[in-house]
Structures are given as C-alpha cells and as structure tokens.
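Below are two complexes that have chain A in common, paired first with chain B and then with chain C.
Right, the complex of A and B next:
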C-alpha cells in the first residue's frame, strides 16, 4: 500500500513539475477554464439565492388568496363572499385585503398602498417606507399630497417611517387607514381587493380551495405554495436558459481543451518517449495525464467558484441580475445572500469538469501509446 | 420539460458517460473478435494498446456514475416543490413512469460497472490477460444498459411539467393525484428486524470465516447480494422510521437531508460499497485456477472480503446506533 502511494506521489511530482515547465501554455487554458466555471457558477448560485429569498419573503404571506375574476381579469371582490368562505369547515379565518398601486408623478415612482390588518394607522395619517421618505425629502409630521380618483387632492400626514433595515421590502410601501384608501381610489364600501384565507390544517388547503371554487365560481384561489412553486420554476428556468446559452462557450472550451491535449509539441512527445524508454508503462503515462487533468481542473475550479461566490455576494451578480431577476415581474426587491450546497457544486462539476475530463481522456491515451523508438529517433 | 441547472448538469453527465461508452464500443468489439496474444501482427499490437483506452474510459464512467447517482436523487428532492402532492424525492420520482426505473437502473449499472472494474483490475495484473475476452463480452452486454439509463433519464426529465400558476386559475385542479407512492412495507416490523439482523449476522460471520480460511467466497458473494437487498428493504420498512422518529414516514431519500445529519450518505455508501466488494469477491472465484491468476485472485479476494466486512459492520453499527438513539418505539 505504502509503495503504491509513494509511486502515485512520484508521478504527481513529475506531473506538477512538467506543468510548471510549460507555464504559459497551461496558464491560458486555466484562465479560460476559470472563466467558464465562474460564469456557470454565478448563474447557479444566483438563481438558487433568488429562490431562497423568495421563499423567505413569502413566509409571511397568507396561505391562500381568493381573487375575483371578471372576463379573465382581476376584479374587486365583494365582502359578502367572506360569509360563504367562513362557512366552509376547516377555514380558521378569512379577511378582506385592501391594497393597490399609486403612481406619484412628482418623483415618477410607484408606491404600494396597503391597509394594515390591525388598525395601527389613524385616518388622515400614514406610515411610509424609508425610500419614499427619502425621495420626497420628507420627515415625520410632513404632509404628502395624493391625487384622488376624482381629481381632487388629499393630504396625508407621515406618522411613521419604516427603518432602513426593512428597506428592501418596504421602501415603496405606504400604510394608510381604510377610510383614506377607499376615499383615494373611490372604492365602494362593500368591495375589497382580494381575500386572505387562513386554514387550520395546511393539508386541507387544496380541498378547501376546491370547495371555495365550487361555492364561488367566479374566483380563483392562489396558494402560497403555488406562488412559491411558480417563483421557483421561473428562477430555475431562467438559470437553465442562461446555462443552455453558456453551454456554447463550454463547447468551445471543450474544443480548446481537446485541441490542446491532442496537439502535443514535438518536445512533449519526446518527453513521453523518454519516460517510456526508462521504464514507464502506458498505464503510468495515462495516470500522469490523469493527475495533470486533475491539477488543471482544481486550479481552475476552486478560484472560479470563489469568484462566482464573491460576484453573487458582493455585487448581487451584477452581470446577470437583469436577466435572472426580471424587471417588474417580482415586485419586492431582493437583497442577495449567496446560498451554497453540495448539489450545486456537484452540478457545476458535471457542467465544467466532466466535459473537460472527457475531452482529454482520448488525447491522453494517444499520447501514452507513443512508441519511444519512433519519437526519439 | 424543466430547465433546471442541475437537470442540465445531469443531462451533461449522462451524455458524457454515454459518449465514453459509445467510444469504447468499437474497440471492445475488435478486442472480443480478434484478440490473439500469440500473434505478433500489427493489428494485435493496436488492439493491445486500445485495451488501455477502454479501461481508462470505463474507470471515468464509473466515477461519474457514482457521483451522478447521488446528484439524481438530490435533484429529485429539489424538484418536489414543483409538484402538487409531492413531499420529497419519493414523490417527484413518482410523477411519471420513468423516475423510479431510472433510479433502479442507475443502481444496477453502478454495481455492474464496479464489478467490471474489479475483473479488469485482476486481468491487467496477469501477464497474459486471461480474462480479456470474457470481460469485453461483459462490457458489450453492459453498454446497452448504460445507454438505456441515459434514455430513461431523458424520458423522466423531458416529461416533467411543473404545476405552476396559470393566468386563468390557480393550478389547484391538478390535485386529484396523490404523489406518495405506496409505502413498500415489504415486511411487518418485527420479522423485518429479525431478518435484517440475521442476514447481516450470517453475512458478517461467514465473511470472517472466508477471510480467515481463504475459501467460501462464492457463498459470501451470494450473502452479500442478499444483505444488500434485505438492507434496502429494511431501510423502507423500519430503519427510516427509527431515524425520522415517525411511524408513517418510510422514505429512503429524506435520509440524505441535512436534518438527519446526512446519515443517508454513510448508510448508502457503506451499503453499496459493501455489496459491490462482497459480490466482487465471489465472481472472481471461477477464475482462480487459471494459471497466472492463481496467486493474484486469492490475495485480492481477501482484500475485497475484508473491505466488504468493514463496510457491512459499519452499516449495521450505524443502523443499530440510530435505532438505540431513536425516541421511536416500534412494537
């Protein structure tokens, strides 16, 4: 056993020395390899992080939302529907939600207006996100004018500003009282935006949703699980598409690796010839080539993965963000925390290292079977 | 069809392995048909060189198979959120008819490629390659299975369709199906435990005997295969229950999750490794009378039996530890 390890150590020793002797040629290869790993890893890490963030954010969302649809469009829903829903066994609570968007022409931004469940906001006042306060240069106590549905103006006093830590989710948020909300948008008393339903046993969610659909045929039911699943699918789909596009570069890289491995210089061929003449066997030369591949792969893989991690952690994957995150599709903004697990590294291994290895096996074998007599002559 | 990065990685892995196998096929055929060690012809010389290529290709294919086996389960696990009613990998593999066959074929292929490498190792140590035609025939039979695995896996992934929200309604109405496979409670609890410990005990006992005496490897090989099967069934019928501490959760995949301290990796790696080396010890026996292998095989058999013993003992010890530590009491 010890002798065998010693033997491998010697082969490895020789391999590393040989690699260093041809520094420039190998440096180019390692550089391209690192770049490929970096690109693939950035996509994989980033789409996974987005998925996690969406999951974390949606933790606080209601389990089920019931929306009314008219002619295939989301419509306001009558509060009377609540009674029918509450009658269904298993429903713990149901309430109407009031929310909407308001475009502020002064700063050219969209606000999200929401009536909180608890009556924490007094009529005539509002609680706003830090981003909004900054944009409007206002502080607690200031008034902000809103243009109501009939063109008149309505002033609301800022009672509270959300701290900046909550900023990414709440920076465009405005909490208002129900009266103000209805007055602003001219929404009748008996209508709300949608209904949030709470269910005692989460396993019954689909059944209850089905019952609601039967009792109220003009509504659609959206489960939190489904929103999550859709986000998951969207992010992974985007990540997959990017990887499919990048696979073109991987292919080019494989060709480069294949070409480099098969186009051996006369000097290298002579080197292998000498090795074989002094007693190396074909299997040893293949072993050496295998170590060579491993050394190059690790040298490229580790920095590539680390750089990608930094790319996602420090710049929120600045290169790919618009493609992967989408524009207005996802309303809440995300702060990116990279999230790493073994399967991602394994996936990267299959996307980058395996193709490289496969591309070099056959040229390595070709190199290993050279006839010492033929090359040294 | 889902465009998931890890799915693409699995496609890439399978295509690469298939490429290696396809590339190895023509030279293998040539070796099988035309091998003649006594000939000094140029053709024989070329063929001899090609044997190095085939061994190298298959060694890599084997390594990739092992790694992608776990990645496959991992991916199935991640995918479960896409399907209404699936709780973990057990559910997502059940979504269409290709999920489980792919997994089973992957396991079989892993064992077969491993056995091929063991035979190949022995054969390469003898100066006159006595097993060469046999091992290449073995490979010719094995290759279609690996290609079939790639096809089945593609079938599985291509037919996946996530239950996402559509614009007209929530996707609720696909909830009629249940994606929880019938729990294969092969055996009632009590006999299952008795059978598991009996088979393990006999296998380990006979293995120690075979190791010391240098014979009985064929029987050990059969016992190892049996132990592998019984252990897999036991994971379904009681081992998983003890680990999850839930009498109703008989899932072989959640063991691989971090919540259970990745105990599944220890269990499956020791079990697969033990099964492979145990079976491998026995299939060498018929060749031990061939001159040139008479010394090599018994020595290797001892090593294989010892490895299998260590791995089986490890498996049994981890299982026993989990049962003792568990708060679940099954009667």
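Right, the complex of A and C next:
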C-alpha cells in the first residue's frame, strides 16, 4: 500500500519536473486553456442565472391572464368582463391589472409602469428601479417629470428605490398609483390593461380558459406556462449569442485537445522510449501522462471557474455586456444573482478536464506500447 | 547464467525489406563474468543485446535467465525483469533533457515505489563512487561526454541489477575516459556483477577486465577467444 502511494508520488514528481522544463510552452497552454474554461463557465453560470431569474419572475405571475383582442391586437379590456369571469365555476378570484410602457426621451430609455395590487404607492409618488434612478441621477424625494398623453407635464416624487439585487426586471420598473397611471395615459376608469385570474385547482386551468373563451369571445387566455415560454424565447434569443460563445469555446477546446492528441513531438516520443527502456511499464508511462493531463487541466480549470464565478457574481457578466446591452439601456448595472450548483460544476469538469486528459493519454499509450529496443540505436 | 539457444531475429518478417539480423545464435553466459561481443557494424551486436536484456523478443529460439525461460513471458513480466535484473548503458546516452543529472539517474527506481529520500541517497552514493558528485544538480545538457556516460552508469546501477549491459560504451569517449570506464567496470565485476558488452574498441576487448570475447558476423558467432 505504502509502496503504491510512493510510486504515484514519484511518478507525479517526475511529471511536474518534466512539465516545468517547458515552462513557457506550458504556461501559454494553461493560459489559453484557462481562458476557454473561463468563457465556458461564464456562459454556463450566466445562462443559469438568467433561467433562475425567469423562474423567480414567474413565481409572482398570475396563473392566467385574460386579454381583449381587437383585430388580433392587444386592447384595453372593460372591467365589466370581470363579472362574467367570476361567475365561472372554479374561478377563485379575478382582478384588473394596469401596466404599460413609457419612453423617457431625456435618457432614451423605456420604463415599465405598473400599478401594484396593494395600494402601497400614494398618488403623486412612485417607487422606481435602481437602474432608472441611476440613469436619471435621482434619489428618494426627487421629482421626475412625465409627459402625459395630452402633452402636459406631470411630476411624480420618488418615494422608494428598489435595490439592484431585486434583479433584472425591477431595474426599469416604475410603480405608480392608479389615478396617476390613468392620468398619464388618459385611460378611462372602466378599462384596464388586462385581467389576472386565479383558479381553485390548477388542473382546471385549460377548462376554465376554454369557458372564458366561450363567454368572452373577443379575449384570449394566456396561461403561466405560456408566459414561461415567451420569457424563454427572450432569454433564448440572448442565449443564442451565448450559445455561439459556448460553441466557440468548445470548438477551441477541441482544437486544443486535438493538437495535443496529434502533436506529440519526437522529443516526447523519445522520452517515453527511454523511460520504457530503463524499466518503466506501459502503465507507468500512462499514469505519468494522466498526471500531466490532470495537472494542466486542473491548473486551468480551477482559476477558470473561479474567475467565471467572479465575473458573473461581481460584474454581472460584464464582458458579455456589449452583447446583451440591447436588452435595455438600463441593462448595464442590473446585478444578477449567481447560482452555483454542484451538477453545473461537475458538468464543466467533465467537459474541460476529462477530454483533455484522455487526449493526453491516448497518443502516449500508442507511443508506450512499442518495443523499447528502438532506444538502443 | 544466461542460456541462449538457437536464437533468431528477423526484422520486417514477410515484407520485401525482410532482414534476418540474428541467424541462429547459441551461447552460455556465466554469472560474474565480463563478455564482449565484437564485430563489424551491422553484424547484430545491439540486436543480440536487446534480446538478452528483454527489450525485444526473438523471432525464434529461446533464452533462459537462470531457471526462467524469458522469451515467452508477457510484456509486464519482461518489464519487471528488465528493471530488476538489468542495468543498461546504451550506445547513445539517452538522458532526458531538462532534468538534472541526479534525476535522470533515479528514473528507473521511481515506479518501484521506494520512498524518494531512499532512492536519492542511493543515487548520491553512486555519484560519489563515479566521481560525479558535484554534477548531481547540473542539467544533463551541460555535462561533458564522459560525465554524461557516468550518469548513465549511475542510472544503470540505481536498482542494483545483477547484470549490466553496455552497448558500445566507449564510442564517445577519449582514451583516458575509456580506461576510466573499464576501471569502473572492473570494480563492478569485483562486486559480483555480470557484464555483457559490445564493442569494436581494442581498449575494451583487450582489457584485463574482459573474460571472453565473442566475434559476431552477419548475425552468427564467428569465433570466440577466452
């Protein structure tokens, strides 16, 4: 047992000494490798965080939304529709929602305006996202002017600012009171943006949706799952760019491994021959190469993953910012909560460490099974 | 005792460039004696040494090492025998560049699972014995030809083998260095090692250390002198 460990230790010692001989070459290799792992891990961590963000978002979303359609387009819906919906069996509650977008020409950004269900925002005030406050250089107590539907100006006082940690969606959010919302957009009292419906038993959702469609033929019903799909589509579109980066790094990685696999130098071959001739077994040589692959890939893997985590956690994947900026002008400072789960890291490990190590071993194995007498000449 | 019976070695068998390097050699090599294989270039000396040293398998015939028939052993056992029984001094130094002289000499011991400290002590003792103690930590690229050769001797001795095989050991050495080398071999023989050499250098086969000279030509034994 002790001899086995000593043997591994001796072989590992040799491997490290051998690696240190080609300091520059191996340093460049590790550097490139680290960069690839970094990109790969950043993409994985980042998209994972976005997914979680979407899931969080959805938690608060109503199970079903009813929208009125006119000529195939979303229209304001009369509050009177609520009565018909509430009569349908299985409907627990239904309420009107008021929300919309406002373009602020001062900073060239779109805000999402929303009337909260609870009457937490007093008329004449608003609660805003951190991104908006930053963009307008405003603090709590400051007034912000809005241009109403008829061209007049309306001032709202910032009563509260959501902290950045609340995430992506809250960054451009403005919560206002109902009267301010209606005043701003000139929306009649009897209309709302859409209706949120709560049901007693989620299994009945499709049936209830069908009944609502029958009772109110000019509406369409959007189930939470469908919203999820929409969000997915948005995230996926962004994700597509990320996937491009991802496949790019995987490709680079394969090239690296390929280069390693095919590019065993004469020098290396000769060394393997010498080791075999002086009494190393094929297994010893393979173990040595295994250590070599592990040493290089782990030296690249650990810092690569740590850097990627820092990149996502501390700078909210700042390097991807130019790619993702189209999201909103407000994007840059939204901070995403990084999620780290073991399976992700394990997947990265298998993607990054295992193939490289295997790619290191196979050609050496081929070099190691030849008869050692070649060295005698 | 090494018994070689009707050994043949054919390279590239069945191909147009087929070549029979050893064409049936029978030979007994006694323990603790020094034997030199002598012969022109291409006569098969290196090939025969590699067969004796378990580096390659003969195409025909058998070789016994003590009571053990080695020609039919699987590769794993051959390696085992090679590293425990034989120490090699190759025609070329075959040192691994970038490592120190000492590290090179210790390499054959690594897979045996001895603690590094012990191996190192043994290596340093050998270096002192061979008068290259001060060169232990030098990179092998910087060594002179004679020093490099003595490092390969240290490497051959690190696992304390019973048999030392040296292929043209003096080819790269001047007269003084060659004499020194033969002195070292004499000492090793005195310690009870079996020596098997190949050489066409008179300094080797006329040396008093050598017990037996075997003349090889075209893969056959031509003559023998005691």
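Keep in mind that, in the parts below, the second predicted complex is superposed on the first by the 217 of 377 C-alpha atoms of A that agree within 3 Å, B and C clash if a C-alpha of one lies under 4 Å from a C-alpha of the other, contacts with A are read in each partner's own complex, and residues count from 1 in each chain.
FYI, a residue touches a chain if its C-beta (ideal position, glycine included) is under 8 Å from a C-beta of that chain, and two chains touch if they have at least 3 such contacts.
Computed from a predicted model, the values in this text were never measured in an experiment.
When the shared chain is aligned, no partner comes close enough to touch A:252: not chain B, not chain C. Contact with chain C, but none with chain B, is seen for A:18 once the two complexes are overlaid on the shared chain. In the superposition on chain A, contact is made by A:274 with chain C only, not with chain B. In the superposed model, A:282 lies in contact with both chain B and chain C.
Taking chain A as the reference chain, the count of touched residues is higher for B when chain B and chain C are set side by side. In the superposition on chain A, contact is made by A:350 with chain B only, not with chain C.
Applying the stated touch rule to the two superposed structures, the overlap between the chain B and chain C interfaces on chain A comprises residues 282. If you check the complex, the residues on chain C that touch chain A are 46-47, 49-50, 55-57, 75-76, 79-80, 82-84, 88, 90-92, 94-99, 103, 107-116, 119, 155, 159, 167.
Contacts from chain B toward chain A in the complex involve residues 2-10, 12-13, 16, 19-20, 23, 49, 52-53, 56-57, 60, 64, 67-68, 70-71, 74-75, 78, 81-82, 84, 124, 162-165, 167-173, 175. Of all residues in chain A, those touching chain B in their complex are 43-44, 47, 72, 206, 209-210, 213, 220-223, 225-230, 232-233, 236-237, 239-241, 243-244, 247, 282-283, 286, 290, 342-344, 346-351, 354-355, 357-358, 361-362, 364-365, 368-369. On the chain A side of its complex with chain C, the touching residues are 2-7, 9-11, 13-14, 17-18, 21-22, 267, 270-271, 274-282, 284, 371-373, 375-377.
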